[in-house]
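For reference, chains read A, B, C and D in written order, and residue numbers begin at 1 within each chain.
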Amino acid sequence: MVCTVKIYEKPKLEKPVLIEGLPGIGFVANIAALHLIRELNAKIFAEIHSSAFQDLAVTTEKGDVRPPFNELYYYKGKGEERDLIILYGITQALTSYGQYELCGKILDLAEELGCRYIITMGGIRKEGKVEMPKLYFAAANIESAGDALSLGAEIFGGNIFGLAGLLVALGKLRGFGGFSLLAETPGYYPDAKAARAVLEAVCRYLKLKIDLARLDITVEATRKILEDYGILRREDKEKREEPGESWLI
Amino acid sequence: MVCTVKIYEKPKLEKPVLIEGLPGIGFVANIAALHLIRELNAKIFAEIHSSAFQDLAVTTEKGDVRPPFNELYYYKGKGEERDLIILYGITQALTSYGQYELCGKILDLAEELGCRYIITMGGIRKEGKVEMPKLYFAAANIESAGDALSLGAEIFGGNIFGLAGLLVALGKLRGFGGFSLLAETPGYYPDAKAARAVLEAVCRYLKLKIDLARLDITVEATRKILEDYGILRREDKEKREEPGESWLI
Amino acid sequence: MVCTVKIYEKPKLEKPVLIEGLPGIGFVANIAALHLIRELNAKIFAEIHSSAFQDLAVTTEKGDVRPPFNELYYYKGKGEERDLIILYGITQALTSYGQYELCGKILDLAEELGCRYIITMGGIRKEGKVEMPKLYFAAANIESAGDALSLGAEIFGGNIFGLAGLLVALGKLRGFGGFSLLAETPGYYPDAKAARAVLEAVCRYLKLKIDLARLDITVEATRKILEDYGILRREDKEKREEPGESWLI
Amino acid sequence: MVCTVKIYEKPKLEKPVLIEGLPGIGFVANIAALHLIRELNAKIFAEIHSSAFQDLAVTTEKGDVRPPFNELYYYKGKGEERDLIILYGITQALTSYGQYELCGKILDLAEELGCRYIITMGGIRKEGKVEMPKLYFAAANIESAGDALSLGAEIFGGNIFGLAGLLVALGKLRGFGGFSLLAETPGYYPDAKAARAVLEAVCRYLKLKIDLARLDITVEATRKILEDYGILRREDKEKREEPGESWLI
């Protein structure tokens, strides 16, 4: 198996932007992506499984069973809205090798669908209470940096862990533009405030009008999914194999 | 090597049900599968070895030596009994990658033999003494959920670790039906009570009449095999590499 | 790279016996193999490197550098002596996958050279002082068990870690005969007494007349090599990734 | 991906010497290589990425993003100066397998460019203050040992961790000459004194006249890069998976 992509449909899209939404620090991207999918009624077109995900089955409230997954959704923009590919999932890969492979598979498929621009989201851990989370970015090139600057984000100087960093960095090697947008967060729980800050900026860039009033419902849904999957309950017990900070929390 | 399947015989079976019986929480499946093999006089037809099993040799009372193994047995049902493929072994794979690969090999062979239905068994850890272990399930689809409900099991909401979860979940992606049936157990030893509860329900589904009186002998045999292999003695010292609960205990 | 075998010469041998001599509990096999090589003036014919060995260079007293290695030597027996292939090295592989692969490569080559019989050596940890180390064995089949019994060894009931167990167990799957011969040892240092007990018995089986008077010199040489390589100095700090006892010590 | 080499240019070089400069004990090689690149105005011609590097993106002061990397530079010597290939990077691979593979890729490319000689640099940890770091070496063959001796280095008896050891040792198997040159260092920070000692000797061998006055600036730059990448801040928290000392610190 290693990393397999099951494609249900190959959507015809106009220069779609890839939005990454996997669990990470403050679960910022995870919340934002789920909210986009729900509000835009985005359609699933592919499912990804990897033998670098955990060796277990996830269950749902109805007693259904499935392996740990990543999913790809698409949205065809109306009017000036951008077409989107949204990456959502309940896990990242557990090994560095698995992360690079997962990244490669997603970039392959995105490229095939005409995507040349990637936005990843995430959190920057900040001690204490965060009233108004500031936004930071790192970008694939000067144009993309300009895009991020125009959204009010400042330059970030540090490492960006997991697929939030790797997708933009490996995408860049293949000629993708894009940026990673990060909000300050205490990081230890699904952070609605940070997710709202990032999502609001991303929607401005994508010219999407999304109702953020229901974001709290999405935060609750994210918390529930992650608890079911055991990520939230395990947060302080976990240690990843590789050095460096984990994409978890 | 990685994961190799040595096939001694390709039995002709009528829609066989795959019964998983590897070591896991409370050793429920391990006991149940061994008891089925003994009582039904099921015949071994394949042996599986993997470089993701431990790098050691197991020895028997007679001084024989063999690598860690999984085995596949078959049973041709009489009358209304279902044909069976029984997966038995003394270990699961040590890495997530190894678990997915092992799972894939077993599903390949099961599919080739006409199997379209999988039953895995396991334990749900419960603090304190368990007088009458309740049964829970998670299923591959609605029909299979109906099967499990008819056996008196309730919906399980949580993760199912190891091959007990993965076989049903990855099987589902290939169109297999089936369910995972879990009994409450303290989990720290081969649990006869939990094994009896699960096995009794599984036999009802398979229309098998098995003598459960001798189950205690099988529990003792399982304990002996696992102690020889070092799993039981090591139970509290072990930590697996991947996050999440281990399939061990 | 993974696991590469560099062959200098393909010796013509008559039904050679493969003698395993890698570091393990009490360094019994390591000492015994080195002593055989020295006393028989056995000739190196192949060198094995693996990316599952440590990522470092070993140095010698003369300032030479080489990667961690396994080596294969041969000896053409005189008179009734058996032809030998001797496996010597300063390490085993660090991962279970690496161990299985290493084992497979050695069995491939041994088979090609006409070998059908494997003897591995090792220690069984015993608390306290061991005056007269008893010998234990586990064997690939009944004939081989008979061979070991005739040397005064008793049946061993337990796991045999690392290549000492794996070579006999995986060899058995390919039709090799042979046994693993184990001596009691405290295990925490290169144990001359245990090595002598095992080597004396093995030489009896192979009809080899070896001078054991110089064994202490070989023990000292082994200690020196292992200290240079860092195995002895690191013994109590190390923990291997896989569950179960390590082949180290 | 695993380990990919992106080649920008294939320089025509005259028997170039490969100089290794990855992070390691005391960051001796890392500082020395960066200083060579800066002072010689060496030109980048290839970039290496590996899925055995960390799964994260590195950012620069300008908000640029890139994956963890190794880079290859070349310098065409003037007059009696030797042509050089300089290996620089911010990380080594995280697994033993990744290290061997990285090493193989670099040797492939070096060989293709006519290189037959490798110099690696590093530190030997020494307790307490090191006033005048002594130099030690280990070499691929007698001629190379002579080269190192002529620079005033003494024979080193111990293991050389990471690519500093592996490049010379695996290179030797392919017929490369060369040596590893090591300076005493407390090891816990980028050590200007040790780097200066090693670099001065290496430049003598290569007949390069390098301004060492600005070395402190390079040390500061190295410290900054490593802090950005998180290596220096994490130094005491890290533990690598493989036994033995890590190449880190």
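Convention: contacts are C-beta pairs under 8 Å (C-beta built on N, C-alpha and C of every residue); 3 or more make two chains touch, one makes a residue touch a chain.
Predicted model, so just to flag it, every value in this text is computed and none were measured.
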### Copies subunit C and subunit B - interface residue numbers shared by over half, same or different
different
### Chain centre separation (subunit B, subunit D; CA means) in Å
51
### CA centroid of subunit A to CA centroid of subunit D, Å
36
### Query
Which residue numbers or ranges of subunit C touch two or more of the other chains?
241
#### Entry: Pairs of chains in contact (touch as defined earlier), listed by label
A-B, A-D, B-C, C-D
### Query
Where on subunit D is subunit A touching in the complex?
1-2, 6, 49, 51-67, 94, 228-230, 234, 238, 240-241, 248
#### Entry: Parts of subunit B lying in touch with subunit A, wherever the complex brings them together
93, 96-97, 99-101, 104, 137-141, 145, 148, 155-166, 168-170, 172-173, 179-180, 241-245, 247
